[in-house]
């Protein structure tokens, strides 16, 4: 019997990508698709790439509309997920693509989001040590931020294997869809094409505490993070360049070995052969991550680079992967392994 | 029992896209992947987005390697398909993504390609009147050119319904993958980003006689074509703007009606609701075409616009769609209906 | 003594480009820079590329602020120029980058703009026959639309030399800056990168009557125009593909000859050597137009293609060129002949 | 009397940009333009944006052709500059845009370039402490690499003011023109559009020792550098994100103060107002650098970000700026302060 899924926030980029993933999922039947300002419109005019759903009408986001589904994906603005989840009841699987339930520390949440902490849910990055167990059978999932997905995948093997000092320096480039679909002047095509620019510099980006949380958990000590995100002239994709000082005595073979072990059995994460480096084009549209790592002997630093599609593995693909685990389906069910390139 | 398929020219853009389509096809098992200058290399280094094939080695293109498959896709330079097809024998389904067998008129072939005519095979654009019948059960398929796919879909209803004068004026923009993967200075990213430029202007593009052939066949009279292709700063996609003078007495309702009838039952071609226009982003990676048509009352012209993905519906998707027909499989088997956007 | 110039609408793309041009003009001193919603802001935060003006504050657009300048450039929304011009008085040179005074026919204006006709001013496309005489000494200039600039340059020689039938079919691609700086969802970088799409199809684009006006004037008869604009994934540039049926007996030599004569003495318009085609990259940032023309013998059509920078020759450069004529300065003073490429 | 300048390597990106800069220089007359494989061609077909030089023929690069100029710009492959310079004699100003004379340490040169060290010339980054004095009157200039230009500008104030620990972590994104004009598959538009990818990771990029040299010189001690370059989908521009641990006791005010002092009198380098961050679009085509700096209090790191145009300030603009100093001209003569945006 099919899993019946609803998507709240279906007209945005995250919601559209969840629908794209669900359309490829053999066990899922798409129920309600809801929105706020776009309620009443034909989905085909808002998401013209989702051909099989073109004639669906966007319903208003409400408890009535979302009731009666096995899974509800929330792609809502920050702060709205708790109320919706409560109304849906404990038996419905609620997958929150927003930030509300990612951080375990209330002080972190308040410092970065400026509102009361709603709590924390199992974290939907199955590749992290211990994450799968927490996701199996859960009815609440906090989908990670796109940057923390890329960064955590790139760096956790260095910390689980105790190869790196607990201070990471990270610079990541993201496609513009990461900034969402609301029209803001600095996100106009005229502004972003041909331009690279940083934002949220100096520790202020809201994904920073999430990275610290995940890396500290695997390291067993607090890992400091200097994180600089940049906006790149492409619609999708994150390339995260993550570096940390190697602990004394660590050599290239140890680094390679730790990363090979970490990803040997992962269906969606590839440690590339030595000499080949990730490119975001290779993961375009796929629920995959490509990783490469090296040790810079002169600088004494480990450099791990991860490419993901911010909307796919970075949001909607990761969400569906976690849903599979929660529902007891094979983890890879319905998820694209193949990117669209060139 | 699975259909076993080989792909010759697997390291290029067309070959890579055929592989991407076949990876999503539930009835196909991918056999040999072959190349010329890249023989011996790991496919993962040439097509890093094709994750499940990463460890395959590119074999040399030869009759031995290609033997023993049910279907062989040829993505080879012009002039090489006939010899390969002959060696494969009449029982193997040969799907030629090149131009060799597209034109029925030997004089046209020689005028535009400058070499002896190899003949013509059933034309792999199932949506054209009569095409499906010719494709069912065939063992030879000539996959249309990418521009003729977009242009024929956009204009054939105007000619079958006798709405348009037999002179079409077409301007189309193509993404750069249409020019292939060989490194030429004018195709460098530095040259194409931020720039639009025409090429093959004045009737010289090799896809022109192919458009004339298809449109004339449906019109029952020779249709003249003025075709101007342009190179657009994007990796994929064709937007074909196709216009023709309306015959006397033709009104907007007749145009709309003809197009609605033409595409009512087509699984891959969408006539958009009035007021919505195609965008190449909406068909990115999908085997779909989006079409809109209008009548400009002041200019007295029908304007039909079609967006396709040049590599998907324009090449590899169309090839697999035709393969399905040839093999007696449901026509839509394994083909993506959903684009990757934004 | 320097010409003192004000720019109203300085925070938009047209206004910013006028300022860029004026910064390179040896006879101009930049006075007031005004805006509406951005009044009070530092220009450096709105137009960070205009380094020498970074510390200027945007003043509110008002008669007081604009008074006391020799030239006032208006880059305002439609319908606002007449009132401003009246307040400035007849001795001030008013250069209107908007549409208000482009059309001579009131019925055309009302049909396409839906508001009362304000009148018409000398048309700022000096290369058109008779245009320079009308611009010399004038105190009012209507800067042409960007598409009509490209199209008129591409086609007028065919009509002055009576080579073409009076029905033109035009498809043009424009960079996104042509759509302005107000934030609309379909202009987001995420939407436009990687995508081509048409708009205003079927005769509805407001630049259509302007093309008809200019081409009909040089042809001495009404020239019908089928015009389809498309949005291309680049910030700047227009590539206009303009075709018209050749009159009986017209041959390639006659076409070449007419175009060579038309542009022989033009400082900003280049007829490229035969075989070389325009690219928008080659005119990026320059007040230049590149044109190529050919006769398609099979289709019997003249195909003239013009590349301009929509903001430079298509708006601000053309505006300053016309200002030079109005003020009795050498026409080329201060205008860039060199593009920025790659 | 005009300075007569020749450009060797005129058909490449660096050579083309030198010509663009020289065309705007009021004291320079452009003499010979030379090339290797393109000798004999019309410059208009190779560099169609350089309109005033369109009819120049590319001469072969030889001592005879380059003789008789006051200045010779070399934009040649590595290893060819020494021989040319020697033939030109000591009185000709030779400006080498290549790497041959950038490194003072022969061992560094040999380790990174694998050929014998040719020596070192005054380093053409006038903003570095002491650099102007070395450039005044010189007849030999080594133009810095594009990445070292951005990185040195971003970080030297932190080291002159002893604010930062001597270990810098740098991630930079570059437009594709930095990779030159030779056609390589990974630089095709199809490959780079929509994709970010790293290269030269782990300390291997040849610009690394150049950064170490400059930063160590101002720091008075060896500064280690971890440098990761990435290729961004844009034709021009470098965004360098440069971080280093703050020394104990350093606060935000001290950082701001040091950067304000460092750039207070620089005509081409702007420290942006607090809260505004650099974007490569703002320096497109200009000989300018935009810099912002902050202290991340949680991570304890100084983060300095610099945007330049790799071809302008990063190569040709810096070259002409240094030429001005060498010839005793005002340093800013003929150099663009205004970028082309959007």
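Each chain carries a letter (A, B, C and D) given by its place in the written order, and its residues are counted from 1.
Note that in this section contacts are C-beta pairs under 8 Å (C-beta built on N, C-alpha and C of every residue); 3 or more make two chains touch, one makes a residue touch a chain.
Keep in mind the model is a prediction, meaning the values are calculated, not measured.
Trainee: Find the pair in B-D, C-D or B-C that has over half of its contact pairs, by residue number, in common with A-D.
Mentor: B-C
Trainee: Rounding to the nearest 5 degrees, give the angle of the rotation that lays the CA atoms of chain C over those of chain D.
Mentor: The rotation relating chain C to chain D comes to 180 degrees.
Trainee: Can you name the chain that lies farthest from chain C, using the mean of each chain's Cα atoms as its centre?
Mentor: So the farthest one, by centre of C-alpha atoms, is A.
Trainee: Counting in whole Å, what is the centre-to-centre distance of chain A and chain B, each centre being its mean C-alpha position?
Mentor: Once rounded, the distance between the two centres reads 35 Å.
Trainee: So what's the Cα centroid distance for chain A and chain C, whole Å?
Mentor: That pair's centroid distance is 45 Å.
Trainee: Residues of chain D that touch two or more other chains: which are they?
Mentor: Within chain D, the residues that touch at least two other chains are 13, 175, 177, 181, 188, 190-191, 193-194, 233-236, 279, 281-282, 284, 342.
Trainee: Once bound in the complex, which stretches of chain D touch chain C?
Mentor: 13, 16, 20, 23-24, 42, 44-45, 47-52, 54, 177, 181, 193-194, 235-236, 270, 272-273, 276, 279, 281-286, 288, 290, 337-342
Trainee: What residues of chain C sit close enough to touch chain A in their complex?
Mentor: Per the touch definition, chain C meets chain A at residues 13, 175-177, 179, 181-185, 187-194, 233-235.
Trainee: Sort out for me which residues of chain A touch chain D in the complex.
Mentor: Contacts found on chain A: 167, 169, 171, 173, 175, 188, 190-191, 193-199, 201-203, 208, 224-226, 228, 230, 232-237, 239, 241, 243, 277-282, 284, 292, 294-301, 303, 305, 307, 342.
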